[in-house]
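In what follows, chain A forms one complex with chain B and a second complex with chain C.
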Partner chain A sequence: MSSRKQLIVSHAPFWHNGSGVPERSYHFLLAALPAALMGLATFGAPALAVLSLSVASAIGWEVAFNYVSKRPVTVADGNAAVIGLLFAMVMPATTPWWLVLLGTLLAIVVGKQIFGGIGANPFHPVALAWAILFVSYRPFFDFDGMLVNYNFDFPAAYPIAALKAFGPEAVAELPLLDLLLGRQTGGIGATCGLAIIAGGVYLILRGFIRWEIALSFIGGIFFTALLFHIGDPTRYASPWFHLLTGYTLIGAFFLAPEDSSSPVNFAAMLIYGALMGFMVILIRNIGAFADGVILAILVGNTINPLVDKIRPKALGKVT
Partner chain B sequence: MTQRSFFGFAKPRFIYEELTDTLVTPQSVPLPSAVTLYIDKPYAQKDALTLKSGTPVKTGERLSLGDDEGPAVIATVSGTIQGLSAFTGDYGKRLTAVTIEVGKDEPAPEGFDPAAPPTLSYLKRYFTTAPGAPPLASLADSERGISKLVIYGGDADLLTHTNQYVAKTRSEALKKGIEVLQTATELDEIIMALPGETIQGHEYPGTTVINVPASYPSAQPLMVLFKTLGYTVPSDGDTTSLGVVFIRAEAVAAIGSAYLTGKLVTDKLLTIIDKQGNRCLTTARLGTPVRQILAQFKIELADGDRLIFGGPMTGSAIFTEDQSIMPDTDAIMVQDAADVSVCTDYPCINCGDCVRICPATIPVPMLVRFLEAGQYEEAADLYDLFSCVECGLCSFVCPSRIPILQYIKLGKYELAQILTVEEANE
Partner chain C sequence: MTSKRQLLIAYGLAIHLLLIAIICYAAFPQASPETPIRLMYHTAAGKVLFDHDTHTSATGYGNACADCHHHPSDEEEALIACGDCHQTPPEGEDFPESCLDCHDADEIEGSEVVGRGDAFHGQCIQCHHEFEAGPEDCSGCHVL
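And then the complex of A and B:
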């Protein structure tokens, strides 16, 4: 019996298309990189410090939690790095180090690991961490105050805050092309619309995010803003302005379509995205906050389990 | 082509390949020195007394374990019995393995008689272990009431050509087989399902030929049942209660051929898929060990390789090359250690790839969560477990490499066990 071969036995199917979780994360990082690099070009060395600390500390918190909870170390799947990078991208370049550490701790531990790790988080970890910090440390999210020591060759007012404070006239002079090319202030990786769109289109084409959510989110923002704008152009800015400022694009391509916290059925994805887009404009136009993207995404995350019940009839079922 | 395409939003698509018109005659594997046949009954010590080692057997003889009407196997060779042993098949199914040392070929003096009236119980007696494994026990089960008999003119899995070859080359035997089955079952209508556009040249009396799409998994039995024939999923998942029985073309041809020639068919047609994915058809005596077939085709097996009975999507891996081919082995696939994909216990990340590819529109991410937790009844009631056609495409695309199909089949198996116990208690 010694000549017997040790064969591998497992269940069908015996083929696999080769996809994997690490591959998804690394492509996510790759897609987010152009926007982060544009942020570096705009904000310089402080932005690099925030980015590096955020990615490193996110990975560190994940390892620490893995050890504390006696679970296998999961940083190799790249998800912690993605969370770290995205967290830095929505923060101002001058964020203090302790806020970055606190933010990634909240994102990794409260946002993801206490729910059971990857795939189990009901909210986007970055959105949750941002929201907790936003209500706790409001001054650090005032981009005009945080970026006051910079000398930009473009208007240094945070467009979405200027709109809230002074109405559409204050931002009417901003050229849309400048906004698209990143000549505006904001989060490190949230200013250059073109780079974010490029990354998002890459992710959509490669099938790493669900296009239905990204497009319906943008559609929801556009049409709701359009209705407000048509209703009263003197009080509400044009939909194009809403698309290119604040966290709209990074929310559409990197935050809203996060795997775990969003639905998977076609109709549900469209409703989910559109509803979040609608919420964004409600918060921006009549709510108390300047930018509602991340808060709207959190609201969207809460209805995900419910909306995902809208699904096609399975094969061979009558009702 | 099994790799993910660059444009990941495009679904992978598999097509059942059609055999070309120039059909090569299958190469036949020489008779082995010993064959092993399986009787569908758990092995018991006392059975060794009924089939003692050294007992002579003749080709076509019916070997049963004591009870002549009970489970049996038709000897495919002449020779002497070497011994009996216990054998465990898929899902812990317990069988008795009978090993026969091959001697000089002699037909059994009494056995199958083509002149005898073809009743279901007579067919069940002689054809249950015929090549293609005709489901005669289900047909003969008078309690169920069979309403439809569906013949596969093609193969359910990919890369497999066995039944397609039979449908293309053995039409005389098929016609006779259909006639015999019609007499035996007294069914008005027999359906023949053919994948692709191969309907031409297939005309059988009393048979409706239907096409199923050439794209995988359209020819999987449950897919034909729910999609092509439009049946609804029974609430307890017991598809046999629908009264539709599926039979391989090879099995029909085996019955027909026996009635035409007076001799039982003992050779099984197989598709051999080697490590490079090259395929060829071969015939081998039922009970031939896989080792011999691999040697014939000069396929080297190494540690860490995978040996599969059936195709790449729905076959079952076997653990030893000493196992012999069974009546339902349509293909033997060999996978190199480098190509073996391994499942993981990583959690579902809810990416939705399975939802996009599922031909039965099942909410797979929710289903797999319930199945992982062992909540099979909830999985069936809330998340359409019984709609699954068991094609394996969800596991094929899963980035977390969850053995989804295994969970699904386990869930169905466990629920069927519960159902059986409940019926027994009634």
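And then the complex of A and C:
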């Protein structure tokens, strides 16, 4: 140990620095807000309906479950609101009200509460709810079909689905700057890369998410996509395209680093992020689905306890 | 530990957002515009996204309505969706039931209406070929 001062602890009474789970949730809401607002600017009132109903119903389901399970009401910690907001951000602006209610029910009850509430969920609640709905109601996750009545001033095809269907040539004309600035279709809060990155960097700087996971996830996507692209540029899109489309960035900053479903040790976090990134590109480039981000995150959540076994050696020895 | 104030914030947020959601869902229902912008066709060979607006707007290809909507040909206000007429007739019938909405049976006896798929294939491919623009192969439009 280079600095012995690190081991010195003062005696009680201690002073609480004021931080807690509610504050943490408020910061998450604040960080996600720019991307959600950009979604509102692009998709208008229907997006506001989805965002509002999602947050409100997530809080409502949590209160209801607390009463049913005879546990203390936990919505004051703000986690339900964060789940509600994130769920709406990955959904199309025209999601019907019943699907929002069902999604937040799955996220709050199946994704979180039945495992014991905040901090006990093995999967990201939003990712789990999204995946259940995705396999059950596929047409509602087809952004091309869901957004047909919008007249955008940018190409209206969902880029990552266009890539899957028509190859890199179909998306070669899309300027990367436009994709970064949110001039693309997609989930309400998943289109504007710049706003998501700003929120993510804020969370990293404030210490609410771990940079190791976010960056290794992005790195995993970038390098895997780069290898595919170098191998055959006529069949596989550039890594930059993969970074700026689909759920990549919202997955990297808001879904993958969720604390109870991700590892805590340094090497484990890097492996966890990179493996998920690798899997995202495998699904996108050779898998059956257009966008594999959330599915890859669920697989990552599953192997989380295993990768977290890679931990620093304990000091001393057991006799 | 959470405080009563934080609980009130959560309840207040939920109630206000619920009201906003109800208002937005009620006031802005997902009605299709009178002139479609894009159309998603679900077919036996996957889905096809047709960009109606790009084909008709002046900044797009500037096609006139009658270039595709050939029937009824006299009134532009009476334009109907392609699939309204181009349907496979019921077994034993010569034409789809929707024809009878406007015509008497003896008026259209002997006439033949091709199904929607054949009508689109003929119309789209012919036009794309003529103008040497747009896809002509299956995978250029159909997404499985």
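Here, the second predicted complex is superposed on the first by the 299 of 319 C-alpha atoms of A that agree within 3 Å, B and C clash if a C-alpha of one lies under 4 Å from a C-alpha of the other, contacts with A are read in each partner's own complex, and residues count from 1 in each chain.
In this text, contacts are C-beta pairs under 8 Å (C-beta built on N, C-alpha and C of every residue); 3 or more make two chains touch, one makes a residue touch a chain.
Remember, predicted model here, so these are calculated numbers, not experimental data.
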item	value
Which of chain B and chain C A:70 touches, first, second, both or neither	neither
Touched partner set for A:204, first chain B, second chain C, both or neither	first
First, second, both or neither for A:55, with chain B first and chain C second	second
Which superposed partner A:20 touches (first chain B, second chain C, both, neither)	both
Partner chain in contact with A:157 - chain B first, chain C second, else both or neither	second
Shared contact residues on chain A - chain B and chain C	20-21, 77
Contact footprint of chain A on chain B as seen in their complex	2-4, 6-10, 12, 223, 225-227, 231-233, 301-308, 310, 312-322, 333, 335, 337, 340-343, 346-353, 355, 359-363, 365-366, 384, 386-387, 389, 392-393, 395-401, 403, 405-406, 409
In the complex with chain B, residue positions of chain A that touch it	4-21, 23-24, 77, 116-120, 204-208, 210-211, 259-260, 262, 264-265, 308, 311-318
Touching residues on chain C, where the partner in the complex is chain A	1-3, 6-7, 9-11, 13-15, 17-18, 20-21, 24-25, 27-28, 30-33, 36-40, 47, 49, 51, 53, 139-140, 143
Chain C partner contacts - residues on chain A that touch it in the complex	20-22, 44-46, 48-53, 55-57, 59-60, 73-78, 80-81, 94, 97, 142, 144-145, 148-151, 156-157, 161, 165-166
